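Chain naming follows the written order as A, B, C, D, E, F, G and H, and within any one chain the residues start at number 1.
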Amino acid sequence: VKNSKVFIIIGSDSDLPVIKETSQVLNEFAVPFKIFISSAHRSPEKTRNLVNKAIKEEVKVIIAAAGAAAHLAGFIAAYFPLPVIGIPIKTEGLGGLDSLYSMVQMPPGVPEATVAINGAKNAGLLAIEILAVADKKLAEKLKIYKKNLAAVVEKKDKKLQKQGIENYLKK
Amino acid sequence: VKNSKVFIIIGSDSDLPVIKETSQVLNEFAVPFKIFISSAHRSPEKTRNLVNKAIKEEVKVIIAAAGAAAHLAGFIAAYFPLPVIGIPIKTEGLGGLDSLYSMVQMPPGVPEATVAINGAKNAGLLAIEILAVADKKLAEKLKIYKKNLAAVVEKKDKKLQKQGIENYLKK
Amino acid sequence: VKNSKVFIIIGSDSDLPVIKETSQVLNEFAVPFKIFISSAHRSPEKTRNLVNKAIKEEVKVIIAAAGAAAHLAGFIAAYFPLPVIGIPIKTEGLGGLDSLYSMVQMPPGVPEATVAINGAKNAGLLAIEILAVADKKLAEKLKIYKKNLAAVVEKKDKKLQKQGIENYLKK
Amino acid sequence: VKNSKVFIIIGSDSDLPVIKETSQVLNEFAVPFKIFISSAHRSPEKTRNLVNKAIKEEVKVIIAAAGAAAHLAGFIAAYFPLPVIGIPIKTEGLGGLDSLYSMVQMPPGVPEATVAINGAKNAGLLAIEILAVADKKLAEKLKIYKKNLAAVVEKKDKKLQKQGIENYLKK
Amino acid sequence: VKNSKVFIIIGSDSDLPVIKETSQVLNEFAVPFKIFISSAHRSPEKTRNLVNKAIKEEVKVIIAAAGAAAHLAGFIAAYFPLPVIGIPIKTEGLGGLDSLYSMVQMPPGVPEATVAINGAKNAGLLAIEILAVADKKLAEKLKIYKKNLAAVVEKKDKKLQKQGIENYLKK
Amino acid sequence: VKNSKVFIIIGSDSDLPVIKETSQVLNEFAVPFKIFISSAHRSPEKTRNLVNKAIKEEVKVIIAAAGAAAHLAGFIAAYFPLPVIGIPIKTEGLGGLDSLYSMVQMPPGVPEATVAINGAKNAGLLAIEILAVADKKLAEKLKIYKKNLAAVVEKKDKKLQKQGIENYLKK
Amino acid sequence: VKNSKVFIIIGSDSDLPVIKETSQVLNEFAVPFKIFISSAHRSPEKTRNLVNKAIKEEVKVIIAAAGAAAHLAGFIAAYFPLPVIGIPIKTEGLGGLDSLYSMVQMPPGVPEATVAINGAKNAGLLAIEILAVADKKLAEKLKIYKKNLAAVVEKKDKKLQKQGIENYLKK
Amino acid sequence: VKNSKVFIIIGSDSDLPVIKETSQVLNEFAVPFKIFISSAHRSPEKTRNLVNKAIKEEVKVIIAAAGAAAHLAGFIAAYFPLPVIGIPIKTEGLGGLDSLYSMVQMPPGVPEATVAINGAKNAGLLAIEILAVADKKLAEKLKIYKKNLAAVVEKKDKKLQKQGIENYLKK
């Protein structure tokens, strides 16, 4: 078994449907990872232990998803010396603004790489880009991935040119 | 020396001018307290030790002030079983909205009593009200304090009735 | 019959489903309480009488829930000398931002302990923490409660480690 | 001495410079009024007494200015059966959004006529318009006032046409 | 047929369900009124003619409801010398914040009495309060209305005291 | 076949239902146009080529719709020397505020004409108004269009006057 | 004397310093224009007459700047069949958000091309781009302008490469 | 001369004072870097060429700072396959909210690591953390840096304990 390069830590199992996209993109790039549920506020010891475990197992990047007060990624960043990526989870009342501000506005000295509200796929991709800094094969895969993004757009546009807006929307 | 009933913990010494109002009102009510500087992100161990110290010294209330990501009070609340009061510090870019959301939107299970942006005086008063729940003398003082609030308003109004708006504003 | 330690006052019966969580957590900790419906604007006399009743019956904490202009908790705090906890109710147009600002931004001299938008459970827990300041048994229960929070997270994480994300999400 | 038609109540003497514009426009229209300082939270009894006094003296409109939690106008509207006009005072952290939401989002049954943040002049004019509903002379003055507004604009525009933007800005 | 005391003007027939509450409360107080559909932007001439008609028919108050850019009430206030009440309609994207700011932030000289987002009932009540300034019978009705508001709250609270929260919520 | 006067470029095919209104109004005015799918971030080359194609085919106006980061219209404006109209698409978390700010806050030197969130119809109309600057026939049609807007309002109002609010709402 | 192609209308002479940038860029491109002061609310007749004058003099584009409720551009767009550009003026309390929402959120049928808060230069450039649709010489100038924008950036970057950040900032 | 590991690209020389902190922290860690001025909108070709140059010179991370529409980092991320870090610059009207939303809300497929508004120091630290993933010496330095952060806090706290709040604030 390969060592995990990435740990994903979520504050609540209600965040699992969002984080699924992160796991899918990491699998697509064959990056080994593990997912854990642990809260900064309800299980701080466990969260702390997970960071220690990550350091011991030479994990390279930790992705943390949390909503509302959303301190999880910051809590981790206080102990973890390598990149921490934060996914602000959409909330009911404030649409995720609370999660976003709480993650992105970290104080000088303790950075946190924040992605979009519910931006779980991009959190995975950012982790891959970080790993690719020292992994030429991964960097090559990213270039292909980028080309593929363009190809998918191209295909949809071709379909639109062929069918027109009315027919495109019918399906 | 009396034991401290209240710990005030601030994330940065730049918050000291704000927190001064907290210390003044606690002094006014003769409530023993201590102030510490410790950050959730830059000195998590120290912060954790301060909570342990608070528990050991039977501190009753912890007041925490922090700005921006403002995780400090939540970090403390994860370990401290008694009331934690959060003062969201005003920030330059977002006016303190970031601090406010980060403090008030705590997840179920770990409450934090949040006061107004820069509401340092009220944080002190809230701590006093909490202590007054089991301290009749303090409760009496609070009733007098409330009456005095009204008296100060009364006095200003009398001055206005006597002088009129033009003269009142001249001074 | 034991005296109530906590009064819960809500501005409208439409807030009852939210406040249910408050009542459940107070019951869980065997804290005696009463719930009342009374509005700051539509029945100010009744609200005022309820505060007098609370003072007479030596109630220790009042929890108030209200939405939109949400003056209820502030109205109570103007008369009640012990802690008042405010629950800002989520609103349709502004997601509860109106309720939040109206509660948390109280003027110097009259504090209000504000919890999250719809944070009814935490309002109850904060009341319990306040009572626990002078009640060792309650304080012990809170420590167990905190441990239990961690245990629930641990259990969910174990399930995730065993089943993996795909299977976890199926159920 | 004529009876006051309008009461202006402000929560703090720091609101006096704003309210001065209200007093000026009321004077301009020769509408008799009185100004009082009284807080909903710090001097609720006094505020309540002022409303009783207003009712007894057959005051027609109450204007209330307050900042932050800004419950003053709502407190008054709970007791006063005639129009209450609210002026949300600009605040430091949130620019007056807190005052605005707290005033404008009143619950069904207890209206409050809200004007712009720091919109003290318009609060006075709205009071005059309300009085003008049953006062033909006042209504006539309002028509002249409206014409004069246009005349002032006309004059400035003429100056601009004559001088050009460069010269206009020099002075 | 009695002359209308109030005109209600709405920018779009999609606002009719909201405005229904205004019409109901005006009917409840037997205040004669008329409702018109006319847009500030799509039918400015018609809107202007309606204001002229209102002036000619000695209408006392105009209520205007509009969403998004929501200029309707301001447009009317530019021509109408008596009170104009604005109801900011809730919008999809911004929850009615756009409508609210556009209505409440009127420039000095041209006031608009703004009520809550979708606050149609209060718009009607505010119009009644304005008319009651010079109509003792209406003023008496308002006092009874206020008492009735309290009575309805009282009744709900009694039901809660009798049934408890569990049973109250079952129905 | 006539040359296209307008290009519509959308960042994702999920924006097609919104943009349909743009295409309908352009068809109504018989303005020839083409729709393309191309992303600023996923297919920058294709987007760039589309701008080149637009310049070569002497397209007069480009309409771009995008959500969230919503850089598409700005990307196009960097290369296209004639008017670019931006439609900020409504987003889930932030209601389209992100799209709006990203479009409207363009830096000095590179303007973008921004319409309302999801304001697809107005984007089309604005393009038509721009073309009408040098096309008298189109300008005439716009005058008729404006009159028709008023006529539709008039018709709805007539229906309301005839049926009353109750009956109008039934249908 | 050449006919004006552009009218600039501002709601208050306090907007003149902002609008100066619009006039400068129009002068730079030798586009004839006129500036007027006229308010939608204080001088609606004058504003209306200015639109009529614009139509009569075959003005092609109207630029309107206004703050707060900021109805001016919408008022003009209700009558003017060609492009109307809105500049939302920065406001004290809300930073110009009120002006922005009020301008950009126009209803279907009556578009308004909105630029950035205080985006006076871009309003001028957008007007020029609109005129350039049918004016090849202007279109050529715009291409040169765009190249010049890049040249200015290039020059600053060269200076930075040569001097380094420390020296660059000293001057 | 060592190859640059990091490129810093800013949209305007007005961002240089902010970016200075980034350069300082990179220097502190002896990470070779270069700073360029280039705008996404005013000099897209130059920006594109800089990305090509970065790819050719095997740059590992690009940091981009921009304000308002703030498309720069997204523009770069469209072409650069390795990590792009965005610094949203504080703006006058909206406090940097516009810059923040525009940077953080990137669409799926093209991530951007966003730091706090004006969070220039953290952008540098995040770049260092990313490089440290494959650079043990840098990782060691980061651990020391983290310890030092705690030491600085400790020192300030010691000073506070020794001097007390009054004396601390005097200096």
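Remarks
Going forward, contacts are C-beta pairs under 8 Å (C-beta built on N, C-alpha and C of every residue); 3 or more make two chains touch, one makes a residue touch a chain.
Please read all numbers here as calculations on a predicted model, not as lab measurements.
A repeat of the B-H interface exists among E-G, A-F or D-E; more than half of the contact pairs are identical by residue number at A-F.
Looking at which of G-H and C-D shares more C-beta pairs in contact, the answer is the pair C-D. With centres taken as mean Cα positions, chain C sits 19 Å from chain B.
Chain centres here are Cα averages; for chain C and chain H they lie 41 Å apart.
Once the centre of each chain is set as its mean CA position, chain B and chain G turn out to be 48 Å apart. Distance between chain E and chain F, defined via averaged C-alpha coordinates, is recorded as 34 Å. Contact with two or more other chains is made by residues 39, 42, 68-69, 94-95, 97, 104-106, 109-110, 116-117, 149 of chain B. Residue ranges on chain F touching chain A, taken from their complex, read 13, 16-17, 19-20, 23, 35-39, 42-43, 45-46, 68-69, 92-95. Chain A makes touch with chain H in their complex at residues 21, 60-61, 81-83, 85, 100, 104-117, 119, 121-123, 125-126, 129-135, 139, 142-143, 145-146, 149. Chain B makes touch with chain D in their complex at residues 90, 95-97, 116-118, 149-150, 152-154, 156-157, 160-161, 165, 168-169.
Residue ranges of chain E in contact with chain G, taken from their complex: 11-12, 39-42, 44, 68-71, 74-75, 77-79, 91, 94, 97-98, 101-107, 109-110.
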